[in-house]
Each structure stands twice: as C-alpha cells, then as structure tokens.
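Both complexes below contain chain A, partnered by chain B and then by chain C.
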Partner chain A sequence: MSFFETKWETTTGHVAGIALMFVAVGMFASAVLEALGGTHGASILLAAVLTLVPGASLWLFTRPGQVDRATVFNAVAGTWLVVSAFGALPYLFAGTFQRSGITLPVVFADALFESVSGYSCTGSTIFGSHNLISDQGPGILMYRQFTQWIGGMGIVVLVVTVLPALRASGLGLIGAEAPGAGGDRLAPRMAQTARRFWYLYAGLTALIAVALFAVGMSPFDAVAHAFTTASTGGFSTRDASIGYWDSVAVEMVIMIGLVLGAASFTLHSRTLSSHRPVHLEDPEFRAYIWLLTGSTVLVTLLLCSEGMGPTNALRAAVFNVVTLGTSGGFGNATGPGTNGDFVTWAAGPQMVLLVLLVSGGCTGSTSGGVKVMRLVVGLSHARRTIRSIRYPRAVLLVRHGGSTMAEPLVERIAGFMIIFGILVVSGTLVVAALGTDLVTAFSGVIGSLGNMGPALNKAGPTASFVDGFATPARLVLALLMLIGRLELFPMLLMLVTPYRTLQERFDFHRA
Partner chain B sequence: MYIIVVGAGEVGTYVADRLSGQEHDIALIEVDPERFREIDKDLDVLAVKGSGTDPSCLQKAGLDQADLLVAVTANDEANLLSALLARQAGVQKTIVRVESRRLRRQEVRDLFKGVTDHLVIDPDEEVAQQVLRLMEYPGALDVARMADGEVVVIGVKLPAHAPLVGVTLGALGQELEPDWDFIVGTITRSGSENEKSGQDVTFIPRADEVLVEGDLLRIICKQRALKEVTHRLGIAREMPTRALLLGGGRTAQMLAESLIDRGVDVAIIEHDEKRAIELAEELPRTLIFRGDIVDADMLEEADVGAQDVVIALTGEDDSNVLACLYAKAAGTRQQGSEAAVKTIAVVHRLKLLDLLETHQVGATLSPRTATANSVLRFVRGDVGTVAAVATYLQGDVEILEFAVSESCICAGSTVAELHMPHESLIGAIVRDGKPQIARGRSTLRARDHVVVLAKPESVDRVTALFA
Partner chain C sequence: MAARTTIRQWASWTAATAWAVSAALLSIGTLSVCSGLIDLFKQGADSPTLLIMGSAMVFAGILLVGRVQNPDNIRPADVLATTTLGVFLAVLLLAALYLLTGAIQSPDSALFEATTGITTTALSVIDPRDLGYGLRFLRASSQWIGGFAALLTGIIVLPFFGFGREFTDRSNSANHRPLVPDKWSGVRNIALLYIPCTVLVWFGYMLARKAPFEAALLAMSTLSTGGFTNSPTEFADPAVQWVAIAGMILAGSSLVTIWHLVRGGGRPHRQTGLMLYLGLHGVGVLLLALWATGPDLTGLRQGLFVVAASISTTGFPMSVPGNWAPAAPVLLLLLISVGAMSGSAGGGLQVRQHRVLMKLAMREMARQLHPRAVLKVRLAGRIAREETLRQIVVLQFLFVAVVFATALLVAVLGLDLVGALSAAIHATATAGPVRTLSGEIVDPINWPSSVRMALLPAMIFGRLSIYPAVLAIAALVRIVGNRIRPRRRYLARRHRASS
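Our next item is the complex of A and B:
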C-alpha cells in the first residue's frame, strides 16, 4: 500500500481540511484584490498558499470516521479553532497590526483577535484611531468582510454541502454549529439542506449588495457591507462604519438586511417555496419584531427626554436597536460623541441596548446572542416555576407559540441560560481583573459571547478594542466569541472533557 | 312505535324506560350478561342478550317490524354498524351515538342516504351545552330553549327572599297585564308543604295558588324578558368569571373551550396524569391540576372557595356530590354567602337527586336527559308537527313545541276553545318569530309555533290535538 493511499480516520481533520480550502479560496480572491489596489498582494497570497496546502493535505489523507455525538461536537469545535488560527495569517504577513512600540506576541494576539472576531461574526475590531481602517489595502479589507460572511452561515454547514459521505451525521454537525438551523430539514438529504441554506444566504447577500449599490455605495463597499450585513457580522470598510455615508437610505437597507439575516433561514426557505411570507406566522419572529419595536420606542423616548430632537432620536434609536438587536454591530455615528454614538447616551437607553446584546436574533439565523426563542422559553419556564410554588399540583407546560415544549428541551434551554450567565460573570471577573473598568468588561463580555461586537463605555461603536482591553483580556474575549458562536456546548464540551478522553477521541486510526 | 335500543348503558336504559312508559314497544339489546339480567328484571321491555352488530341478535330483537333503531353503546363503530344493518333491513329511522369527530363527517353521514330520518347524537356534547345554558341563565336549575330560543322554559327553586313569595298567581297576572312576559307553567311542591301526601307533587297551578318558598317553578317566558323574570325570582346574578371543572373528560374539555371563548377563567382537576398533560397541551389558557377531586387539599389549592361556579363532571356520582358540597362549604367560609359558589353536579343515578336537593347542590343533570330529549323529539316527530321536546330528569313534565299546520283543527280557534287536557297548558305562541304568552283569548293560526307544557300521561292527547 503506497503512502498516498493511506488515509487517516479523523472526522475533525477531514472537516477542518475542507474548511481550510474554502478559507484559502477567500484569501486568494483577496490577494487578487490587494494586488490590484494595495501593497500586500504577495503577503496575502503566501497566507493563502500556507492555508491551502495543509487544508488540501488533510482532505486528501484523511477520511471522516465515526460520527457519534462527541466526535461531531469535537469536529465542529476543532474546525473553528483551526480556521480561526489560519485565518489570522493574512493579517500577520501583511503586517496589518504592526505598530511602533508593539511586541511580536501582541501582534500575533491582535491578528488572532481580528480573525476570531471575523469568523465568529462578532465584529469587534483592533482597528482604531492609532491604526486606521482607511490606511488598509482593498484586499485586507475585503478579506476581513469575507471572514464574517463565511462565518455567518457557518463554516461547517458549508463543509456539509460538499460532504455527502456524512449522511445523517451532517445533521448533527450543523446542529452542533447552530442548533436552530439543524432542527429543520429542508430537503430529504442533509447535504441538500445545507446547500439550500447557502443558496438562500448567497441570494440574500446579492440582494443586499444590489440595494446598497442602488442607494449610493461604491460596488466595492456594497459587496463588502452585504457580506457583513447578511451575516449580521458588523465589520465595515470605513472607520466610521455606516456613519461614513450619513445616509438614511443606506441605514434603511442595512437594517432590513440585518433583520432578514437575523430571522430563521428556514422561514425564508418556506416563504420561497410557498410563495407567501410565513414570517409573521412564526411565534419567535413575531416576538422578535415586538422586541425590536418596543426597544426602539423606548430608546427614542428616553433620548428625547434627554433633549435630543425627535427625528434624530428616532434615527439613532432605530439603527442602534436593530444593529445590536440583530448582533450586527454597525455604527451610524458620524464621529465620537455624535447622536449615534450610544456610549455617550444616558444610562437608561444604554441599558435597553444591553438587554438587546443578550437577546440576539432568532434561532436558525446568522445572528448571535441567547436567541429570542430561548429567551421566551426561559421566561416562560421562570413563570412556570413561580406558579408551581402556588399550585404544586398543577400541570404547567412551557409553550412556545402554539405548541408545547418537550421537557428535556426546556431543561437544556434553562441550562444554556445558566451557563451563559456563568460565562458572563466569570468572563467579566477575568476581564475586569486584567484592568478593564466594570461597565466595559461586563458589556464587552456579553457582546463577545453574543457575537455582537461593540458594547458599552470604552467598547463603543467608534472605539477600538485595543483601547478598552489589555492583550490577555482580548484573548479571553476571543475565546468567548468562539464559545458563543457555537452556542456554548461544543466548545465547552471540548474544554471540559478530561485530557485522557480527549486523547482517545482524537486518536488517529490507520485504515 | 316499535323501537330497538342497542346498548343498555346509562343513556340506553333511560331512553328505553321513558319510551316504554309512553306505550312504545321497546327491545333492548345488551351484550354484558350481568347488565342484561338487571334490565330484564327491572324494565318492561324485550331484553335481548347479544351484540348489536350481530344480525341474528337484531332479528331476535324484532328488526323486521322496527320503526326506529337507537344505537347508544360506547363504541362509535359498533353503533354505526348496527344502524347500517337496520337500514339494510328497511328500518326508516336511526339514531346513533358518535363521539369521534372523524366519524361525524359528511362522508359517514352519506352512508345513511335514503333513510327517512337519521340523527347523530353525542351525549357528552349535549351535557356540555346544557351546563353552558345553565351558566348563561344564572340561578336556574334547568333551562330549555324552544322556538329557536325565542321562548325559554326556566326551572327555578324559589328562594325565601324572592319578591314572588306569598303572591297569588291571580295578583301576579293582574300586575303583568296587558301583555304578559311570562307565565308560571308548573309548580313542584315538596311533601311537607303538601297535606295530601308525603311526596313531591307537580301540578299546573290555578289563579288562586299562592307561591311559597322552596317551590320549584317552571316558568315559560320570552327570551327578552328573562332578566326581569330572574330578578322577580330573586336569583339574578352576574355571569361567572371563574369556573372550576372537576373531571377532565370530553364533556369538560368541550365545556372549557366554550367557557374560554366567553372570557371565563377556567381550571380543571383531572385524576389521570396522561389525560391531565393532554388537557394542558390542548387548553393553553386553562390551569390543569392533576389530583383527586375529593381531596380537600387539592380543592383548596384550586381555590375552590373563590370560584363563581364549580362543575363536577366525573363518572362517579358520590365524588361529584361530595366535591360540590365541599365547594359550597368553602364558598360560604371564604365569600361569606351560601350562594357564593354555584355548583352543578352531573349525576348518573336518579335516586341521588333528592339528596342533592336537600343539600342545595344547585343544579344537576345527566347525560341521559340531554340524549333522551333528542330521542323523544324523534319519536314524537312521528306525528310531523312536533318541532322540539324538552324533558326533565324527574320525568314529571314534558315541554313540547308544535307547529300548527293548515289542516289542524286548532288553527283559527282560541286557546280556551281548544279544551286542552287537564294536565297540560299552552304556554307561548310564536308567530313570525315573535313570542307571546298564551292566554285563554289568544287565537292560534296556521304556521304558529306553540309551546306546550304537559304531564307525561297527557302528552299523547295533546299531540293528537295538534296532529
């Protein structure tokens, strides 16, 4: 048996290999762009090659092995770690984050942070007044947008589209990456379902790009922002984010795009196949729209009471409510201290935004956060608990919309919320201990865990995360982003699995 | 009329007994040997042991000469099959008890195309509707709607504080002139009030009769005057806002659905855990408890004393009555008035009725009366002029609605000229949808609908009058 016919059985390796090849494709495209209009074309090309080679090798020399639950979770978590690490290469080689007085480990950490923030669709950034986005070449900028786009729908979902061999376990893979999306099959075969999700996603992105172009963005900016709007990511090619355009029309398109991205893609698919909008029939989407509307009204009123004019207040409120409530994280502030810069608002409206940071969008969407459905079920469970003390013998069920939630599911959701709380508290503790003030630490941790991006105080929409957080604190946030992107369980399972079982699971079997 | 009743359960036995008392020939088919022995011993009917789906058994019951088959076993499919066999043998009228919604669909009904009359009944649903009606007319013991609801026959036990106590009917009539809104149809007076015998008597009162506390009155009144009537009777009350249902069967579920539609706060206590979860899933706005209805702690947890109405619907008479008594007591304790919690108990054994009355359990009914009303309408409908029938659990009086035909001898004559049988009374005349209380001088015309109250022994004579 020749060496080239030997295949190692490792699901993680195989999935990660394919994922890296997809990432490499994005890097090549960025290298071309950079070669046309920037100075780091060769560096990005080098990063692309260094990503493609290990990716292709893994793909060629491994095959997916057993697909029990633990393997599936590990494969997903492992893939995201590997992709995030390789995703930092273009920034490193292009010297994006090299500044005077910065040591090499910090440059590494910054590149990794930007990569994780991109792929996890968070949108927090290293760039800031000391290191302007406008100084970067088009390749690096587009690569940054691309990382969010590929991370938004889920890199493993992308892998499943080309992995028919995974069969039913593909459902587990998608489920591990985004539980909401994994629950509903759109087609008899998993690969078909995954493909349909990606077609919808690509279609939505194209629509947003066209719309943005129509309202005045350059083709480059339109595509770049379509990438990060459909994915509810929030990276921008401008230092002032959407505030650069200072245009209501642009803001409208971005908001509609974000809400569509934060709605369940299963609903989009059903709408297309039944030729009528089914969104408002969905209890989660209805609750979501109420949440956004209510928050907007509340924030507008609070801003007015502080003396902001009604029109300005409404514009600042609706954009920031939508961008944070969809886990997007764009800003419409034209500069620090202007209307849209919510860190300068009073505490009341900021608190409303903090609640939105926790909630996120709907299940099965590209958004982050706890998700509206979990929030609704969690509240219903809390109410049930209180009622059961008054009526111990009553049969109290937890409902979502018209249907009853199965008890194991309710328990898992309750567990999810508890773990989310624990992560927020312990994360805040660590980040605050590393020298960040409490409001910045607390909101930054929620924003990172929920993949929102900007948060309060020093982590606001016009700020760089370098200003608010020390380097170790930024790495903690990056870890939280990955944990949050995979909806806690896969990453935690990997982290808490004792070393020995981990070794057993990653044990390569010769075939 | 020759009638075959399949299934000697609660409904079947009651219907057979009532019909045989009215000179119809009844064959009753029952499969359970023990039950068969009981009916064979107790009832004046031809009892046949066997299954209603067994053709030879139906033959034995006299299928060839039967005019009507009533299939009321607990099994939908068996009932339908019995009826189909009857239809094949040329029986022109069939009544089947069907609970399943699927089997109530048109496709199934179409199987009976060609028979003169086919009726599908569901005793549970009828009980639910009766309870609802009782709640709509607060304070009533029973309520029957006639002539498309234009006329209401309401049964009320006269409380001590009622304005009508001590009033003679003659004086009442004077007060109501010229256009009466209601008329007292019958009075049922308990034995102690009555010197002649120790038993309750039901009679159609004359003008000199004085109303006394505790009289059970059956009053025929116009729908729109109901509020005034209940006020005079001293029972006018608010529509309930909180209801507690004891037992979570089909009836309870149907009732809960209707009550929720009317904005009533509903809670249900159900013994069976699976059924309780099922109810909780199907009735999202209802509080479902899993527990025993005679467990005092359970009843307290369900706020029994704070309810407006407690309805006991389980199959166990004793539990129903006991729970209702507890609810009454708890209501008195918590709300300070004996009438605070209204109770409605479903009873299945007639003998319990007296006990209930002495303990003031508000209103009682049983699946069988509801069904019997449907069956009786069918049997009376033989004459072609009977539009509706209402009977009561005690069987002391029947209410009939006749359509006056062109050829009827009564068309054109006044009520006084009709010489109604002694034990009957024309209560209301409905002309073009407008009701009026009948007086001696009222004239009947063709196409009028007439609501008549009659004791069972004179029903046939009354019916003959309108034929």
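Our next item is the complex of A and C:
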C-alpha cells in the first residue's frame, strides 16, 4: 500500500477535515464578493486555499475510527477549535484588525476572537471606533455573517449530513454539539435528521431575508442580517447595528426572526409536518414567551419610571429584551447614550437584562445561555425538594409540562448548572484579574459562556470588546464562548482521548 | 380519620409555633433584662424601659412554655417554618426595644438594626458612641444570641428536621463522644463550646489592652460573626487585630470539628474541611496582597484581617488604603459567598456545600463519559444520600435566586449595579461591610430606607440557610391560599357555568 493510499484512523481529523472544506467554500464565496466590491479579494482567496488544502488532506488521508463518548467530545471540540483558528485567516490576511500601536500577537488574538465569536454565534466584536465596520469590504462583511450562520446550526451537524460513515455515532456528535439536553431525531437516519435541520434552517434564513428586503434593507444587508438573525448571532454590517435603519419594521422582522431562531427546530419541523402551529403546546416555549413578555413589561415600566416616554421605552425594552433573551445581541441604539443603549439605563432594567443573559432560549434552537428548559426543570426540582422536606416519605417527581422527567436527566441538568456556575465564578475572577471591572467582567463572562454578545458597562451594544477587556481577557472570553457553544462538556472533556492514547502508548499509568 | 389527621397537624403546628414564640420572648427578654441591669449599674437612662420590657417578655415566655402541651410528634416542616417565625419575632421584639428606648427614632431603621443584629450581618445604621452601656450590650448580645441560634439551626434543627442527616455528629464509638447524641444534649454541648470560646476571645481582647466591657462586646461580635464595633478606630492596634483574626477564624470553624479536636477524636490535618477552610485563607491573603494590600508585613496582616472577616462573614471593618486592582473586590465577594465552615456561626453557602458541589461537578463529568456508571459522592468518609445531594444543589440554586432577586429589587430602588450586586451578596451571606470597587467601605445609612428594607428578607433567608424561610413562606402562602382559594372559586364558577 502506497503512502497516498494509507488512511489514518482518526474521527477528529476526518470530521475537522470536512468542516474545513465547508468553511473554505464560504471563504471562496466571500472572496468573490470582495473581488467585486472590495480590495481584499486576493487575501480572502489565499485564506480559502490555505483552509481547503489541510481540510482536503485530512479528509483524504483519514477515516473515522472507533467512536466512544470521549472520542465524540474530542471530535466535536477539536473540530470547533480547528475551524475557529482557520476562520481567523481572512481577517489576518486582509489586515482587518491592523491598527496603529498594536503588535502582531494582538492582531492575531483579535482575529481569533472575532472568528470564535462568529462561529460560536456570540456576537461580541472587536470592531469599534478604532476599526469601523463601514471601512470593510463586502467580502469580509459577508464572511463575518457567514461564520455565524454556519455556526448557528452547527458545523458538526453539517458534517453529519454528508458523512454516512459515522452511522449511529452521528447522534452522539449532534447531541454533543446541539444546544440543550440532547439531540432529537427527526428521521430514522441521522444524516437525514441533520439534513432536515439544515433545510429548516436555510428556509428560515431565506424567509427572514425576504422579509428584511421587503421592509427596506438592501439585498446585501437583508441576506447578511438574515444569516445572523436565524443563527441568533448578532453580527451586523453596520457600525450602529440595527440602529442604523432606525426603523420599527426592521426591528420587528429581526425580533420575530430571533424568536423563531431561539425556538426549538423540532417544533418548527413538527409544525411543518402537521400543518398547524404546535409551538404553544410546548411547555418550554410557553415559559420562554412568558419570560420575554414579563421582562419586556418590567423593563418598559422601569424605563418609564426613569422618565423615558412610553413609546420609546416600549421600543427600547422589547428590542433589547428579545435580542438578549434570544442570545441575538443586536443593538437598536442609534448612537452612544440614545434610548437603545442599555448600558446608560438605570441599574434596575440592567439587572433584568443580566438575568436574561443567563436564561437564553429554548433547547434544540440556535440560541445560547442555560436554556429555558433547564431553568424550568430546575424550578420544578427545587419545588420537589422543598416539598420533600414537608412530606419526607412521599415519592415526588419532577414534571415538565405534563410529562415526568427521568431522574438521570434531572441530575444531568443539575450538574450542568453547577458547572455553569463554577465557570462563571472562576471566569469572572480570572477576567477581573486581567484588569476588568466587576460588572463588565461578570456580564462579559456570562455573555460569553451563554453566547449572548454584548455585556454591561464598558462592553455595551455601542462599544467594542477592545474597550472593555485586555487582550488576554479577550482570549479567556473566546475560550468561554467555545465552551458555552458546545454546552460545556465537549470542551472540558476533549483531552480525555489524547490522555488515554498516551496512556496506552507509553503505559505510564503502570510505570 | 381525616378529622384526626387535621387535629394532629394543628397540634403539631401550634406546639411548634408556641415553642418558637416562647424562645424568642425568653431570649430577647433575658437580653433586655441583662442590658437593663448593666445600664442600671452604669447609671444609664435606658434601664427602666429595658427592665420592664424584658421582664414582661420573660414572663410571657415562661407563661407560654408552661402552657404548651407537646403532641406525640411535631412535624419537621413545622419546626423549620416556625424557626423562621421565631427569628422574625425576635427581630420585631428587638426593634421595639430600640424604638421604646429612643435609641433609634424611625421604625424602618429599628427594624434594619434589629435584623442585622439577629442575623449577625455586619451592617449598622447607628453610631455606637451615641448609645448607653445597656443598649450597646443589647446590640452586641443580640448578635451573640443570633450566632447561637445559627449554630442550633445548622447543627441541630436542619440535620434533625431538614437535610444532611448523615452529617450529624451522632454516632457513639469506643473513643469518641459525639457532639449531638440527641437534640437536648446537642444544645448543651454547643453551649459548652460557644460560651468558653467567647470567654477565651474576651480574655484575648483584654490582653490586647481593651477595657473589659468593650472587650466583652467585641468578643460577642467576634464569636457570633456579627461584626458590630464600638468605634471606627476599634482595630487600630495590631494586637487587637491579631486577636480579632484568631477569633474570626475560630468563629468560622465548624463546632463539630472543634469538638472532635477538643475531645481528642481527631487531628487537625486529617480534617479536610478545616484544611480547605484554612487554605482558603492562605490563598485569599496571597491574592489580596497581590491586588490590594501589598506584600509587606502590615499589608499581609491587614489582608489576613480582611480575608478572615470575609470568609467567616464577621465583617469587621478594616480600611485598606492604596490602589485596589479590579479583581480585589471580586475576590472578596467570592470569599463571602463561599463563607465559613458548615456547623459554624458564619454565613455564606459554606465550605461543605461547595465541596459537595465540586464533587457533583466531577461526578457529572465522569457520567458524561460513563453514563451507566453508579457513582457515589463521599464526604467525611460517608456516602452522601442522593436526597441530601439534591437538597444541596437546590440550596445553591435558591441562594443564587435570592441574590439575584434581592439585587434586582435594590437596583430598582436606587442602588447602582455594583452596589446592588454587592449589597445582595453581603445580605444573603450575612456578611459586611459593603465596599466600593476601590475598596472604600459603604455606610448603609447613605442608602435609601427602601433599599435597607429590601435587604431584610435576604438576611433572614441567609441566616436560616434558606430552607426554613422558604418553608415558612410556603406555609404562609398555603394559609392565605386556603382562605382565598381563587383557583377553586374559579373552577367552581366555571363548573356552574358549564352545567
């Protein structure tokens, strides 16, 4: 067997290779756009080639191997790390974050931050007054939006659509990447399930793009914002984000798109197959709508009590509640200090937004955060525990909607929330140690772990993360974004497989 | 049958309530009488009020105790709920004493001061220099009795009637006498440790050249983790600082561990909880030296003082001049949230709960790799029951919920975001003093009255380890709900309309 016929058995390498090829396709498309209307077409093309070659090599010279749970975590986390690193190449080669007085490592860190923020659908950005979005060409802008779109549904889900060789382990891969308590099966075969998710996602994106075009956006902006709305990402092609249009109609379309993106795609699928809306039958979605409505009412009242007019207060409140509650992260402030700039609000409404930063959207959606289902089950669990003190001999169950939750699932949810809490606390301390104040660090860490986007205080909707966080702190946040996007465990356990391999190879455990 | 069950429930509820009310009356009444006697001895003006009111309370308490008929079985939930009632009543009685003596003019400030006293939270709106001897004693001893109540709640009430039964120190073995062989012996043993420890710290302060009366007040505040001081310059002397540091570390240590060490049943380095607690001090001092106090000896001493005051949730004030790094206040808030050891008078979520949470996090990681593995959590050599683990997880959930709810409320009522988060954490952990981001101490007298009132429930929740307060509220809601029954009325109306 010749060298070129040899195939190494590595699931991580194989999945990462295919993922890189998908990313390269996006880069090629962006290079074409940039060549048509910008100045960095060649740079993005070079990045595309440098992504495609290793991707294709990995695909050709590897084959998926044994897939146990540790390997699944390693494959998913490894793929995301590789994609995020290669995803920074267009920014690097185009010199997007080059500015006076900063060194090359900082430029690289900024490009990596923007890439991770894009693929993880966080929406935190390096762009600001020092690096205007409006100075960028259409290719870079569309590539930035594309990163969120591809990251929204999940790179690995995309890989599973074209990788039937993974067979049953596809569910594990999707489950490890999907937001929520586990992957849902929409079709008998996992590849079909993954494809159906992507069809739904593409359909929703197209729908939002048409609606945005209809309310006055240019085709370019409409498509770009549809990408980041369906994915609840929050990147925009304008410095003032949605505030640039200052249009209630645009904000309405964005909000509806965000809520649909943050709802379970399984519900969308069931709605399409049964030809009737089933969303309100779902207890999680109902709780989610209640959460958004209650928060909107509360924030509106608080803003009114601060002296803002009722109409302006309602508009600012509903947009910011929806955009943060869905982990979208768009802004409707027309400039610093205007109605939509929530960091200038009083502390009361900001506290409501801080709670929303934690909650996030529904399971099985593109949104981040802890997820409403976990919070609802957590509340039910708390109620059960308190009742068990009152009735020590009663057999009490945790219920969600009309169904009983299995104890292992309740324990998994409790474990997730404990680890989320540990990461928030330790992350806040580390980011604060790197020179960030309490509120910015706390909200930034929660926002990053929940893939929300803007934070409070110095990292608000009109600010750049460069203003609020030092370079090392931004790298910590980028790591938290990836941990949060993969629902904690894949990133935290990704080193188990390499450790086991080393252990077997060198037998150091016995030594 | 149903009627008998109802009568039993009623008997359990009334007996538990009567015990809680009489305990509140007797404890505050006794404190008031003692304070009145001290005031009389020092020829103060508050003695008549304190003596008359105190005697009336003691009389009412004795009368109630004499008339309570214990039923066969008092339900655990009733004991927990009425513990909250007892604490709440003690707060009201103490507030009434402040108002009647004229120490505090407004009811809201009196309520705040009484709550911070009973819950051992180091926040105060009165200047102790304006008070007579009797009232100063009353203020300090209210913390001392609050600390004792916290110990009883943590070591006896919660394990016997609530959660963590396997961690109760009950088992007799050949060379070990337990702290809590049964409820009443437990109360006695706790008093046998708490009182000598207070006396020990009192002597310590006197050795550090404090006047006996001031030293006694300070000792009571130290051992109860209350944090009440006689003057702003209380801790100017390094010798006093060292005594306070030792006292605070002692106060934050588990009484069960101390009992083991005193009775010769264990060695300090074998006590994992104690080692963690002391290690937390070490790490805290190092980080605070790095971020605030500086690495010189004075800075390290001040750092240890601030760290010990935070971890034990005593909250003695110590101004640390210099530039505070942004991480310093975050560190202090973190230490306050972690809190003291379980089985101490300190607040916070406490070290044992954190150990359990860390072990649960590790178990969850292991379960991700081996979903069908049966993994047990061990603590202090014992396997923790799943029920107990669930209760600790929910305790964390409720702690965070109380912090967020309180922060939201005080933010709406006028505090800025940092102040709101900080005040909420301090109140729920029953700690103090609240600091700004630059390390300056905030005086709660500058907060609006509504903010101070909004912090009171968090203090009571935190002091009672949350569960008793939640059960009390649940009982209250049930009583009110049974009175109103809107849902039942609504369903009946709908049923009538449909038929």
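Everything below uses one rule, namely that the second predicted complex is superposed on the first by the 489 of 511 C-alpha atoms of A that agree within 3 Å, B and C clash if a C-alpha of one lies under 4 Å from a C-alpha of the other, contacts with A are read in each partner's own complex, and residues count from 1 in each chain.
Criterion: a residue touches a chain if its C-beta (ideal position, glycine included) is under 8 Å from a C-beta of that chain, and two chains touch if they have at least 3 such contacts.
Bear in mind that the values here come from a model prediction, so they are computed numbers and not experimental data.
Q: Which chain, chain B or chain C, is in touch with more residues of chain A?
A: The partner that reaches more residues of chain A in the superposed model: C.
Q: Mind working out whether A:A48 is in touch with chain B, chain C, both or neither, as first, second, both or neither?
A: It touches nothing on chain B or chain C.
Q: Contact-wise, after the overlay, does A:L291 reach chain B, chain C, both or neither (first, second, both, neither)?
A: Neither partner.
Q: Could you say whether A:R399 touches chain B, chain C, both of them, or neither, answering first, second, both or neither?
A: first
Q: Contacts for A:A24 in the overlay, against chain B (first) and chain C (second): which applies, first, second, both or neither?
A: neither
Q: Considering only touches as defined above, state whether A:V259 meets chain B (first), chain C (second), both or neither.
A: In the superposition, A:V259 touches no partner, neither chain B nor chain C.
Q: Which residues of chain A are in contact with chain B in one complex and with chain C in the other?
A: Residues common to the chain A contacts of chain C and of chain B are 392, listed in rising order.
Q: Hey, which residues of chain B end up touching chain A in the complex?
A: So the residues of chain B touching chain A come out as 276-277, 279-281, 284, 287-291, 298, 301-302.
Q: Which stretch or stretches of chain A touch chain B in the complex?
A: Residues 391-397, 399, 402, 404.
Q: Spell out the part of chain C that touches chain A in their complex, as residue ranges.
A: Listed in rising order, the residues of chain C that touch chain A are 75-77, 80, 162-163, 291, 325-327, 329-331, 333-334, 337, 357-358, 360-361, 363-365, 367-371, 387, 390-391, 393-394, 396-398, 400, 404, 407-408, 411-413, 415-421, 437, 467, 470-471, 474.
Q: Under the touch definition given earlier, write down the residues of chain A that touch chain C in their complex.
A: 69-70, 73, 302, 346-348, 350-352, 354-355, 378, 381-382, 385-386, 388-390, 392, 408, 411-412, 414-419, 421-422, 425, 428-429, 432-433, 435-439, 441-442, 456-457, 489, 492-493, 496
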